[in-house]
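Provided herewith is a single structure, encoded as structure tokens, for subsequent inquiry.
Letters A, B, C and D mark the chains as written, and numbering starts fresh at 1 in each.
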């Protein structure tokens, strides 16, 4: 059926069908683990996650080969009436990262989430796998959405998938953390929805591409972008809205923490990028982006200082997430200060590169911390002396991830910082250089606090409660190596990130 | 006087009367001293008020479906309010607090 | 002044009230109520937009109406999840407060910055 | 028109007043009751804006089921029913928050007054494409055809909320039944009411969903009414809440998504694409999906109010 007003050739872009697969696959996973939960879940999950890798590769390949964004119009109803899915370079990269980390988490997921042959489904096994798929569909929906309300639903999917993961262990502390997280997330999404309403009321469309053509500066746009950004910042745990993150991320089981810290917070960040770069094309106000950058700088400093003061490994990693999220927001002032379009590209690449390399490094770190905590039964840093000799693979993986967060060459983190610094230099905003360097020093400091006792010789070896699975150690190591590789093969991902960008600074161009 | 005018007058009188009873019931709810008397004011006055409004509206709607819907609504509200006030009263009788 | 404008001003008031209560209210149950007041304000704003978009014989633009219906159900889901968390927390600790540790943290943070 | 404007002013003031009371009163129970009133007044507001579909959904979900949920919660945390202002931020913090919210409200008022004239609208597009869907109610067409993707994902949100609520159970009760906290012994009048209301409610729910294709109504309003009846049946003790481990229950809960997804995928080969319906069959397919959705919504809303399982199957 070709609806009136729809252009058939665009209505079902054949190559765009792979975008649908990225949504349908995890949905099937949710339904199957809801209905036939039990001992088949894990095997089924791993198959679906492996197919997911192929789908992600297909999207990246499609975007790369065609050189422009893939689109798919749901139901053949063209915007503004209908909803369009769109994968540009940013989406393709984030979908691929999500698929890789999902697969790793699926393999890593500890035995408490598996169901033995003779046992019935447990609460944790039931919830965990459904929520894993839920995070997957939510993230893919965020990355593919090209419609503000569709993105709202995707944001809510993220919330409803992430909050129960925080409280899955059911202790009072995690319940508290989950409730606080939920309340923050709800404020965030309702503010985002308010901004959506303002934009629709003024421009009569929710489609990002159409909106960017119609949008004109004015009170309504200014107000809607402010409330949306504030809401999304609350969901991303950007300083000063970061208080919910450390207890939530450190209280969850390690497999869940890895998802929350590496992916979930990037969802709302990604939508912020969409709004500032794609909706507000060329309207970004330099002063406003300085505020966003200042919040990022605050996050880097406060997160770093707080991480230095932690005595528990998982809390330290969680505070390091607060700090690392700060770097993401430096891209807004750097892009707004750019006078040529390549400067915008540089800033955008720096931010997205940080998102990706932090995702790998942080997932590896939380999983490594989980292995350590499983083995010795606690995560008190002071009592982990000599762990490096007893769990060399895990410690090595943790070390690589730490080097990437600090920004030591040749890791992905180094490359990110290098991009940020060159963007700061080229736009003459020297103050961000200070922040980036200070952040690196702080990261060096708090990571040293973990690594130094870990590599010290202990008089008595630590007693392990349970042996550490070699396979799980290798998964962690592979993720850490991804964080490392990001710094060595920067060419292709950088070009891929640029595919489908409608550039960018209309204001910057004469 | 045509039938239409008569129906109009019926509607005006009945709906105004109904509104008055609602008002009286609400004043009772706010001014009476304890739960039982408030309950009394509310249920009595509101049921009469609703009945009057229904009578006033019946000539305004299409026969038979919309009118039947109105009547069903009225009956359901009567049953629900009777039962809920009964439940509140019973709770009080068994020694709940009267606040 | 017409009907949509009046209800739009009402929506603006509800949004401010709800957000204020959400920020300052310490009790989670009251925060949940505030979230609902705020959410309904946003929905009402959509309704104003819908009504203003009346055209071609329709009394309003159907798109925002459909968005609100979706939004109401999502808002209810959120309320249900929050209430379940709160009740479980209450069973576990005898209190619904999610704040005490937050205040401690913010205090210690103020101390070092 | 002036009487209409006067009515709107009064209604708007009343809504604001009830909202102020909801937020300001110290007694949480009174606040919840006021919130239910607020929901009902908002339904009137929606009728005032000529949005009957939203009014129905708001009355059923926003006021009704949410009210039941919050009242139940309030009764269970009775011991701390008064709002504790000592713990709230100091007056400087409150003042800052107040100023911020006042600024937001003022900005919004300005935006409302400055909204463009004529207002941008998709009503013409929505009407023009209506014939292709075979539906008469444009709101249903938006939900089930134009923006079907959102509706489907939102069904997933609803299911996830339930999974989240269930995941808060104690491990020992897993597989068991939800308990609504602890229900009191049902009273005889309540049982009588339920017996009278249940058949009427089921008919009303089905009717609302059925007319939704062409008139105000639809799966959400219908499902909400079915759930309300279901909750009443539990309260009256006429039936037990199904166990979370029951496969039948899980099929009912997910059948809306399953049908939606199946129709969507079938559209790839049999129609213009994902979530497109084949020409001439749009309406029957939509109705079938809506039947499944109404069932799923009713069951999910009811179980969301019932809470996590708190009673194991084996005593």
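Note that in this section contacts are C-beta pairs under 8 Å (C-beta built on N, C-alpha and C of every residue); 3 or more make two chains touch, one makes a residue touch a chain.
What you see is a predicted model; the values in this text were computed from it and never measured.
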Inquiry  = So using the touch definition from the top, which pair is joined by more C-beta contacts, B-D or A-D?
reply    = A-D
Message = Can you work out the whole-Å distance between the CA centroids of chain B and chain D?
response = 27
Inquiry  = Roughly how far is chain B from chain C, centre to centre by C-alpha average, rounded to an integer in Å?
reply    = 33
Request  = Could you give the separation in Å between the centres of chain C and chain D, each centre being the mean of its C-alpha atoms?
outcome  = 14
Request  = Enumerate the residues of chain C that touch no fewer than two other chains.
outcome  = 15, 19, 32, 45, 48-49, 52-53, 63, 67, 70, 74, 77-78, 81, 85-86, 88, 99
Query = When you check chain A against every other chain, which residues touch at least two of them?
reply = 81, 149, 153, 156, 160, 163-164, 167, 170, 175, 198, 201, 204
Key: Multi-partner residues of chain B (each touching 2 or more other chains)   = none
Query = What chain-chain pairs meet the touch criterion?
reply = A-C, A-D, B-D, C-D
Message = List the residues on chain A that touch chain D in their complex, please.
response = 1-6, 8, 11-12, 17, 20, 24, 27-28, 30-31, 34-35, 72-77, 80-83, 85, 120-124, 126-127, 130-131, 134, 137, 141, 149-150, 153-154, 156-157, 160-161, 163-164, 167-168, 170, 175, 198, 201-205, 219-220, 223, 227
Remark   = chain D partner, complex, touching residues on chain C are 1-21, 23-27, 29-30, 32-34, 36-37, 40, 43-45, 47-63, 65-70, 72-81, 83-88, 90, 94-97, 99
Key: Parts of chain B lying in touch with chain D, wherever the complex brings them together   = 72, 76, 79-80, 82-83, 86-87, 90
Task = Would you tell me which residues of chain D are touching chain A in their complex?
result = 104, 107-108, 110-111, 114-116, 119-122, 125-126, 128-129, 131-132, 145-150, 153-154, 156-157, 159-161, 163-164, 166-171, 174-175, 245, 247, 250-251, 253-254, 257-258, 261, 264-265, 267-268, 271-280, 282
Request  = Name, in rising order, each residue of chain A that touches chain C in their complex.
outcome  = 81, 149, 152-153, 156, 159-160, 163-164, 167, 170-172, 175-176, 178-180, 182-183, 186-187, 190, 193-194, 197-198, 200-201, 204, 206, 243, 246-247, 301-302, 305-306, 309
